[in-house]
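What follows are several structures.
What follows is a pair of complexes built around chain A, which joins chain B in one and chain C in the other.
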Partner chain A sequence: MSVASIQRKRRRETYLVFIALCAFTFVNLMPLIWAVLTSLKDPKDAFTIPPTIIFEPTLKYHWEVWFENDFVRYLKNSLIISAGTVCISIPAGSLAAYALSRIPRRNAGPILSALFTIRMFPHMLLAIPFFVMGTFLDLIDSYLLLILALVAINQPFTIWLMHGFFLEIPRDLDEAAAIDGCSSWQAFRIVILPLARPGMTVAALFSLLLSYNEFLFALVLTGTNTKTLPVAIASFGGEDITAWSLSAAGAIGIMLPIVLVMLALQRHLVRGLTAGAVKG
Partner chain B sequence: MASLTIQHATKSFGGLEVLHGVDIQIADGEFVVLVGPSGCGKSTLLRLIAGLEDITQGEILIGDREVSHLHPKDRDIAMVFQSYALYPHMTVEENMGFSLRMRDVNLSERKDKVRASAEILGLTNLLGRYPRQLSGGQRQRVAMGRAIVRDPKVFLFDEPLSNLDAKLRVQMRSEIRELHKKLGTTIVYVTHDQIEAMTMADTIVVMRDGYVEQIGSPLDLYDRPANIFVGSFIGSPAMNMLEGRIGGDRQSFVSNRGTQIAFGAPVSPEADRKVILGIRPEDIGVSETGTPAMVRQVEPTGADLHVNLDLDGDGFTALFHERLPLEEGQNMGLKVLADQAHFFDPDSGKRIE
Partner chain C sequence: MVRWQRGLWLFFLPSFGLLAVVLLWPLGYAIYLSFFDYYLGSDVRSFVGLGNYADLLTEGRLWNSMWTTILIAFGSVALEFIVGFALALALYRLHQSAKVFSVLLFLPHIVTPVVAALFLKWMLASNWGFIDATLLTFDIVPPDWLGDPIWAKISVILADAWVFTPLVMMVLYAALQGLDTSVVEAAQIDGANNWRVLRHIIVPALIPAIIFTISVRLMDVFRFFDIIYVLTGGGPGTATETITIYTYQLGFRMLEVGKASALGVITLIVVASLLLTINRVLNSIYRGGDQ
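Coming up: the complex of A and B.
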């Protein structure tokens, strides 16, 4: 086979892969596209079959969601709760993961397995005890209760993820730091933590996503004061199709902050997710 | 600078004892190499000195100060790791100055000390680079720089050259030796490479299975190995060993397979005593009237000639500095002088004087 024909074959394969990936992306983006279009249409346009491609876009429902529905307050609640969860979850999870990565594997194994088991519990099973505890401590409808609950359900994932990152940091560095004059805490803070930054960024983003999108715990544990965006959006829905455009506008509104965060941290995210994939 | 005393150092992991009461006395400014095969406990011993492992029993003294249970940072030691263990997120300058920073040395003094150490090691142009931008040899030098910048009492080296290629290893060997001459600091150096041990050490400690087999100067160990293990471990190619007994005239040796080797003079073991004869490959000479042997293989290295021989079924290696015209399958005669033969007790393995 000549070089030219090999190159032709490669190019053809590249095109095929590209087309397949475009199709895959389109399928995945379909709900998003549908939501964006629905949020810009009147309900009667949104539900015609076949769907109308050409229509007069309106920002009425976006306006209504943001300025006539307390959406900003719900967004503020969501951001406080998400940020609170990340701020507790990542430091606590990093400390636990670091310790687990540095103790003998036979001791760390059972603890990691136990954490994994917690992750397997249906959230509904955990939401009820949290509700009972919240009532007992008079914390229902407070930021703290939801933050603590989200930290608790988030922690196994954070610890597992960070554990992998810490394992990849050679123990020689801890030892070199100890000989250079660091206490264990200083070695962790000055030497190990900066090296675990890509992993921490990934863990923080996942933690943020989970707490920002969390519905069940937010529904059970919040009230009028601390209602989060997912709970608020759910209340727009229902069988009344006129509310669907509103729901779609709300969904787009929910997505925007998180998309902005993702775009801003994309570089760290990719680096964090691929760290350790190639030895070097 | 300080002396280092290890008294009855014992280390157990769970129920498994890996160091069995090691005693070593290291003088101030001495370059000591711990050598032995993998799993002999040499790195564990180094880690006990560094404080990276807890000692199970015994004492470690740096100078007159007992440090057995102190945190590594309080022992005033510096260590060069096999992996170099440079901090990837710090520049060479920050890496070298890190120990000073942790000891609250002010910035200008820190810079001066780092620059002085960098000059000694030829690192001045690399101070702004990160470890990932350095070659293996440069990283090695930075690791040493990090150790010397603080002027510690004892330097510990854990197989620091094993990641370098052969040529660089020879170069770094002499650089470390030079550095020791310049600084005069006590050094404990771990390696499994006996050439490294022989060429660098003032004193070698040979270890096996958690015990010290022999302590002595390189030539001492080479000329008078205390037992079969040291005899065969020190020297390359390894010492030839033959089991047999001393002849009735005490001037010859007869192997269990019947090979007779004449020494031309009386040897130290008594007549008819069962012994293991040790002969270094380079101590074998050629003599037409000597012990007959057949050439199995000839390996010229350029400088020397390694010859694998067959003595009535026993494998034997000889090393000649001359380029002898030998061919495989050829018969030749060997001679060994009495003062070049080593004798060991077959039961205890110990040297017979």
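Coming up: the complex of A and C.
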């Protein structure tokens, strides 16, 4: 085959791939589009056969779910818990990851595998003792217990991710700092930390996402005072068919900040997803 | 050089201290609880040794949930892998517009799982859901997507695939981008068709990424909870009750925390041995294909 004919064939194939991908993406996003439409519908438009596509949109339900149904309070709970998790998880994880990136490889390897094994634990197995201990210590429905649980499941991921970032910062910098008389803490704080800040931002956003989305621990460890958004929406909209527009509005509202975080993370997405993949 | 490294172990303290207190201690406590007949709310707990394990392993409900888990796990991971791989190859082919597609296709994965499950519930709900409303327009009577034992299983697999295919796609797409394009082009000029390029050049180069995605997906599918909880709650009956849902029922609905802990330990053992086996099998296929 000549190079020109291969190129022509490739171009035709690429065109077909493009069309197929457009179709797939549209079908794949249908649940999301449908939810957005539902959240803007009055019940008379929501329950129709055939499904109504053109209607007069209303933001009434978006207003109602946030300001007349306590969702603002659940948002506050979600934010406190996510922020608390990030504030504990990232500093602790970064310190450990830095040390891991600086000790000899043969010592770091087993620690990294152990952390990867921890990632495998069924969350349900941890939720039970947390629930039992929380009941005894009267910590159910408090922010503290849920934050600690989220830190626990977050830590291995944070260390893995930050470890990769610290490896990219040359060791020579630490050594130069040491020669200039810095202790390892000073070297870390003055020389390394400023360089690691972009990596820490990425890790923080991922932890934020994980704790904002987390459902199981939030379900069993929170109560009426500390309920997070996922728990609220799950108990709110699932069953009652008349509340469709209302719960769709809530669901869309919960989704929006995540889309923003994702756009911010775009470049680092794959890195976060594969943290824990064995390199090489 | 040696001096500044000496203080380094102190850096591990906060993180490992936390892990010991909030992860290993609860884990140990759960294992300890698994040897007791313990109903949360009563003051007595009696030591039963392996009694909880024996009870669980001899009852039908555990095996039912185990098979359901395995069916859903392999069904969804297979589907995710095939579709995710196809999408990754398609993105790899496109170059310029790939970025827009990858963001749009990734959305279902990043949405809060509970919210994603609700989105799907509104698609699948009988009568007024989008799918039923559309089918009924054309006088096609749809099956009961969430109420029929078999369709409910299929719906759960599709839901898992909707949420996790983007993950598989992204990881494989990233791996594809690391591929040496000159090798692929050389093969094409030598007259290799797409299928042979895929089979003999692309797949072997992606093996590490493939092992990674399959292992991670299998280990996550065993703690798959939110989506089933919202979509079917394990029903109808126990048709979609996975081990995780069953553990939840035991521990948090019936408050049999001893028995639930034992089930958690069993899950851990199953997941660990499954992963070891899969890694070994995939690794040997990899080495075998190399020769």
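In the analysis below, the second predicted complex is superposed on the first by the 218 of 280 C-alpha atoms of A that agree within 3 Å, B and C clash if a C-alpha of one lies under 4 Å from a C-alpha of the other, contacts with A are read in each partner's own complex, and residues count from 1 in each chain.
We take it that contacts are C-beta pairs under 8 Å (C-beta built on N, C-alpha and C of every residue); 3 or more make two chains touch, one makes a residue touch a chain.
Everything numeric in this text was worked out from a predicted model, so none of it was measured.
Contacts of A:L139 after superposition on the shared chain: neither chain B nor chain C is touched. Judged by the touch definition given at the top, the superposed model places A:M120 against chain C, while chain B stays out of reach.
Of the two partner chains placed by the overlay, only chain B lies in contact with A:P194; chain C stays clear of it.
In the superposition on chain A, contact of A:E175 is made with both chain B and chain C. When the two complexes are superposed, the chain touching more residues of chain A, out of chain B and chain C, is C.
Contacts of A:A83 after superposition on the shared chain: neither chain B nor chain C is touched. Of the two partner chains placed by the overlay, chain B and chain C both lie in contact with A:S183. In the superposition on chain A, the residues of chain A contacting both chain B and chain C are 175, 177-178, 182-183. Note for the complex: chain A touches chain B at residues 170, 172-173, 175-183, 186, 191, 194-195.
Contact residues on chain B toward chain A in their complex (touch as defined above): 50-52, 71-73, 77-79, 81-83, 85-89, 98-99, 102-103, 146. Contacts from chain A toward chain C in the complex involve residues 1, 3, 6, 13-14, 17-18, 20-21, 24-25, 28-32, 34-35, 38, 46-51, 88, 91-93, 95-96, 98-100, 102-103, 118-133, 135, 148-149, 151-153, 155, 159, 174-175, 177-178, 182-185, 187-188, 209, 212-213, 215-216, 220, 229-231, 233-234, 237-238, 241, 244, 247-248, 251, 254-255, 258-259, 262-263, 266, 269-270, 273-274, 276-278, 280.
Touching chain A in their complex are the following residues of chain C: 1, 3-12, 14-16, 18-19, 22-23, 26-27, 29-30, 33, 40, 87, 90-91, 93-94, 97, 101, 103-108, 110-116, 118-123, 125, 127-128, 130, 133-134, 136-137, 162, 167, 170-171, 173-174, 188-189, 191, 194, 208-209, 212, 216, 219, 222-223, 225-226, 229-230, 244, 247-248, 251-252, 257, 260-261, 264-265, 267-268, 271-272, 275.
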